[in-house]
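Both of the next two complexes hold subunit A, though its partner changes from subunit B to subunit C.
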Partner chain A sequence: MEEVAERRGARPLAFLGDSQRRARILTFAAFALILLVLIVFEGLHDVLQTSINGLSLGAIYALGAVGLTLVYGILKLVNFAQGDMLAFGGYIAYLANVTWGLPFAVAAILAMVFVALIGVVYERGLLGPMRERGAGILQLLLISIGVAFILRAIITFIWSTNFKQLDVNRTGTKEILGLSIGDTQLMVIVVGVSVLVAVGLLLRYTLLGKRMRALSDNLDLAETSGINTRQVILITWIFAGALAGLAGVMAGAITDLKPEYGFALLLPIFAAVVLGGIGDAFGALFGGLLLGVVIELSTLVIDPKWKVTIGFAVLILVLIIRPQGLLGKARTV
Partner chain B sequence: MSENGDKPADILTTKDVVAGYIPEVDILNGASMRAAQGEVVTIVGPNGAGKSTLIKTIFGLLTPRSGSIVYRGDEISGLRPHDITRRGLSYVPQLDNVFPTLTVEENLELGALAKGKPTERIERMYELFPRLGERRKQDAGTMSGGERQMVAMARALMPDPDVLLLDEPSAGLAPAFVDAIFEKVKEVNEAGVTIVMVEQNAVRALAMSNRGYVLDLGKDRYEGRGQDLINDPKVAELYLGGGGGRTEAQAEQAES
Partner chain C sequence: MDTLVLGISTSGFNLSFWVGVGVIAGIYAIVALGLQLNVGFTGMDNFGMAGFMAVGAYTMAILTVDHDISFWLSLPLSMLVTMGFGLLVGLPSLRLRSDYFAIATIASAELIRLVAQNAQGLTGGNQGIFCSDDFSRCYDDAWVKVSDTINGWFVDLGMSDPPSALPLLVVAWIIAILLTVALVRIQSTPWGRVLRAVREDEDAARALGKNTVGYKLQSLVIASAIAALAGWLLALNLATIHPTDYEPIVTFFGYSVLVLGGLANYWGVPLGAIFFWVLVEGTRTLEIFESESQQVALRLFVAGAVLILVMVFRPQGAFGKREEMMLGD
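Right after this comes the complex of A and B.
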């Protein structure tokens, strides 16, 4: 995170760099101040304990957010089906993990593969042909909403509306510095953050990542520069799908599965994308973790039933001050 | 080049190309042109004549409704732009011709078609455009118009193309950069690359061209050696004098 922030701060256009650095410093200062106040009134232990809960939630938001932001960056499509793709991943993991009795890790990989496949069919069967016929942003948006409903209907048809649980150990905990971290929570944080850092590095340093960024800068120019843009778009969907599948499995590991759980996650995922600056993978990671922690911390002082509201209040506040998101530039990756 | 009478083989030809952006509305109405190996060919004409559209159609951004586009004996109309690039043509659009959030070096790297980092070729481009070498880590979006044009040209030259298509390379540039860009175009041509360019700066561009075409209302009206077109009183009066600003009457005159 810091390294990326440094790179951005060092951009030659001084005014942009300045405003970004200022936004970053102000955000961290405000966040640190709130943390300090909370620590004084609620005690260090409670604040840290709650932050850990927030991080695991945030890692799930971030996983969903990166897929959403990659697709948006390249196709300018807000994919409303992302939430239900995520839920589909959770249910595929349930099928493999509980119905077939496969190990959790195998189930998670199967879920990622399957949702990536949904992404491929979605692009090649629907979105690609529609774009070629000249469908606009609005038509594609409506298609994505339709796909969301279809996926949810399939889930309900196959697995009913009853709650389902993945076969994971939810009671085991580790004691670190007097804090208790659930084994599952720890897994979610570690898996989520490491996968996302890997994706972020891939985007920044590999040829594929550079091609993806080139497409989100200018699709036609990428094509005339000799990049097979259709192929890169397809790969982007594979990434978005696999990450959504993983997010669904991780969410399924810390909560129960029900058909609407993906759609319920979609709004905070949107919020994470917007917080981090639309189209920016590291921004989505940052936005997701921040949102998760802020939402959980708010439960220390405010009735937990308001926690989703608090998350969105923060989002609105940020957008009023910085419409391009916390890490966003006028034009982002 | 073609002055000694030997006629080098045509590398790129378009014949009676009809194309447009909106169904039923044709911008090109049977445009024909050819470029021989090693030539500089300039297409001039008033605003809205279809000059950029012709280049975009050659490059596969538009599909011709009729007519043919032949490169090295193969029909290339209907191919996707990245396939056309891979056959040895490169294209520098007039606007938005760099990837703004990518560094200069990343822009060049993307221009290369092969996998793996094309370090040698990038260094070669820095020799051709020393200014880019000094700014290799800078985001292309933060550079001046002239520098961007250099990035765009260098990117297009990365795959070592046989034909370079330039859409108004000097548009909107400061006079010092206009000279530099034309100088580079000449240098690239001398290295053996066939150049097809569209230019508003018509006299300047024709003066350095082997041949030129005057395009009007989507059709080629005049063809000739660059200097001959400049000296042709009819061409000069209709197309070169006003620098693009034309009255309706003149347009009708050109039609008849």
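Right after this comes the complex of A and C.
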């Protein structure tokens, strides 16, 4: 398959190495060039300040994207319910943080646990049995949309369609090197990036990570080599759920909660996943951060009201030009 | 007498409410017929119907309101524009695998909606489109005349006070039924058989010398023309065109209708549409919940439960054949 993709186009930049390396080098070169141009015309301060906003947005995308990509890698399911799982996390944090008055950190952990539980029930109650019956891609996709509706229905029923806010300090800022960073923003970046790096290292260097990769390469083969695939799939869902829950809480910390906010994040999360190469956890981390920064940087040149549109445009462009993602290999497409 | 009873009794039969439900069912029958052509008969998981509906409705309104083109002329023109969008979305995305195609189409639809929301000069932005600034012309002027004429006939037939949406109900269902008949006939032509071959084994169809990408593109362009029909009817039903009317949930509801009716069966679609909307809107008449939020929640819950239950217990839907669903994958 890789060969097929290689053959498809001419290779004008063959000296840069194989297609994957070329894509990486070109992406970074293009990104660096854009940054340079922006710094020249808009000034270093503005570019850095905007990039910080981009990083906090990107950290949220990345948290959601890693969960989505892990599930896709192993089950080949595009989980449309991911966005609403994320929103559920935000509302659980609201319940703990505002209604019960617990500290924000405790609320965030509760949200992660709860959404991980949703993941477990979703897998064991619905998806697992359906896969055993030989359900097809479309069937599972539509089930995930159904689950998304049910989760949003529960959120709407309990918490209504009115805006809700978590109890965080949104006005406090810190001055670092002449840049002002919101306290909440800083928390989102620090928590998001450190959690994601920890997860990335875990996947790369532990036996569990190795097993997950084995499953995503070939589930049947992994099973015949004695890996407890049911267990690994369940752990994947626990990861995906907990990360989605955390993403929901972080998104809720910098914006307001309303029932659709999770679904609104879903397409940028798809974009981050595709950008990084679907199924690749490190790719999703990178894709999320890159997308967040690109979206915010775009506001330097165009009207900020268009910034959401940039996310979709990036997604469509990547799908057209390089569907396997900037980091991915051609075999998955 | 009649109106008195209908107006006061909420537990009794409320004619204008059910006429409204019938209009929505008719519109979604049309949406799902387009999906049936793509998903059921070509094996393309098109998630962009809402976007194509938006293009159809917005182009129709922009032509009539801003450019003073006759409503009747704006219909074929806006359908052509929508088909152009179908081509534009399909050309680059059709070579993608089915799940990527699903993401690409839903992203295109959202892109269209966001442009509609932000390009104020063209689309009216969040205010939407309704009439020209001086209210001298609105996009539904021509339709309102037709609608009054049709309701005049109902009065002649002895109805004392026909519901205002009744003509739209008639027109939407005439279109839905004609479309069903047309699609069923197309399906039995050689062209229709190639589509199914593409769905069942694209490589085999290609080996037989069929230009499979061309067939898929044609299928998508026809579906986008069908979406334009649904988009106009939605615009006429709401009497205003607003970006939030074309959110992805419209496409998802279309899929609920599709799977209820059954994959690879055109006649199941109108029945699925009636069943789905009576179920979703019918729960409203039960008046279990008071608040608006809880009503919204109930509606989402019913729609979600329909998708899950049908996929788990009867993936072929009410009228589909099980083999068709399995082959579709």
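Everything that follows uses one rule, which is that the second predicted complex is superposed on the first by the 309 of 333 C-alpha atoms of A that agree within 3 Å, B and C clash if a C-alpha of one lies under 4 Å from a C-alpha of the other, contacts with A are read in each partner's own complex, and residues count from 1 in each chain.
As a convention for this text, contacts are C-beta pairs under 8 Å (C-beta built on N, C-alpha and C of every residue); 3 or more make two chains touch, one makes a residue touch a chain.
Model, not experiment: these values are computed from the prediction.
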item	value
Which superposed partner A:G136 touches (first subunit B, second subunit C, both, neither)	second
Which of subunit B and subunit C A:A313 touches, first, second, both or neither	second
Greater subunit A contact set [subunit C / subunit B]	C
Partner chain in contact with A:A222 - subunit B first, subunit C second, else both or neither	first
Which of subunit B and subunit C A:R213 touches, first, second, both or neither	first
A:T99 touches, of subunit B and subunit C: first, second, both or neither?	neither
Intersection of the subunit A residues that touch subunit B with those that touch subunit C	333
Complex contact set, residues of subunit B against subunit A	59, 61, 80-82, 85-86, 91, 93, 96-102, 106, 109-111, 113, 115, 138-139, 141-142, 155-156, 159
Residues on subunit C engaged by subunit A in the complex (per definition of touch)	39, 45, 92-93, 96-100, 102-104, 106-108, 110-111, 114-115, 118, 248, 252, 255, 259, 291-294, 296-301, 303-308, 311-312, 315, 325-326, 328-329
Residue ranges of subunit A in contact with subunit C within the complex	76, 78, 126, 130, 134-139, 141-143, 145-150, 152-154, 156-157, 160-162, 263, 267, 270-271, 274, 303, 305-306, 308-309, 312-313, 315-316, 319-320, 323, 333
Complex contact set, residues of subunit A against subunit B	11-13, 207, 210-211, 213-214, 217-218, 220-230, 329, 331-333
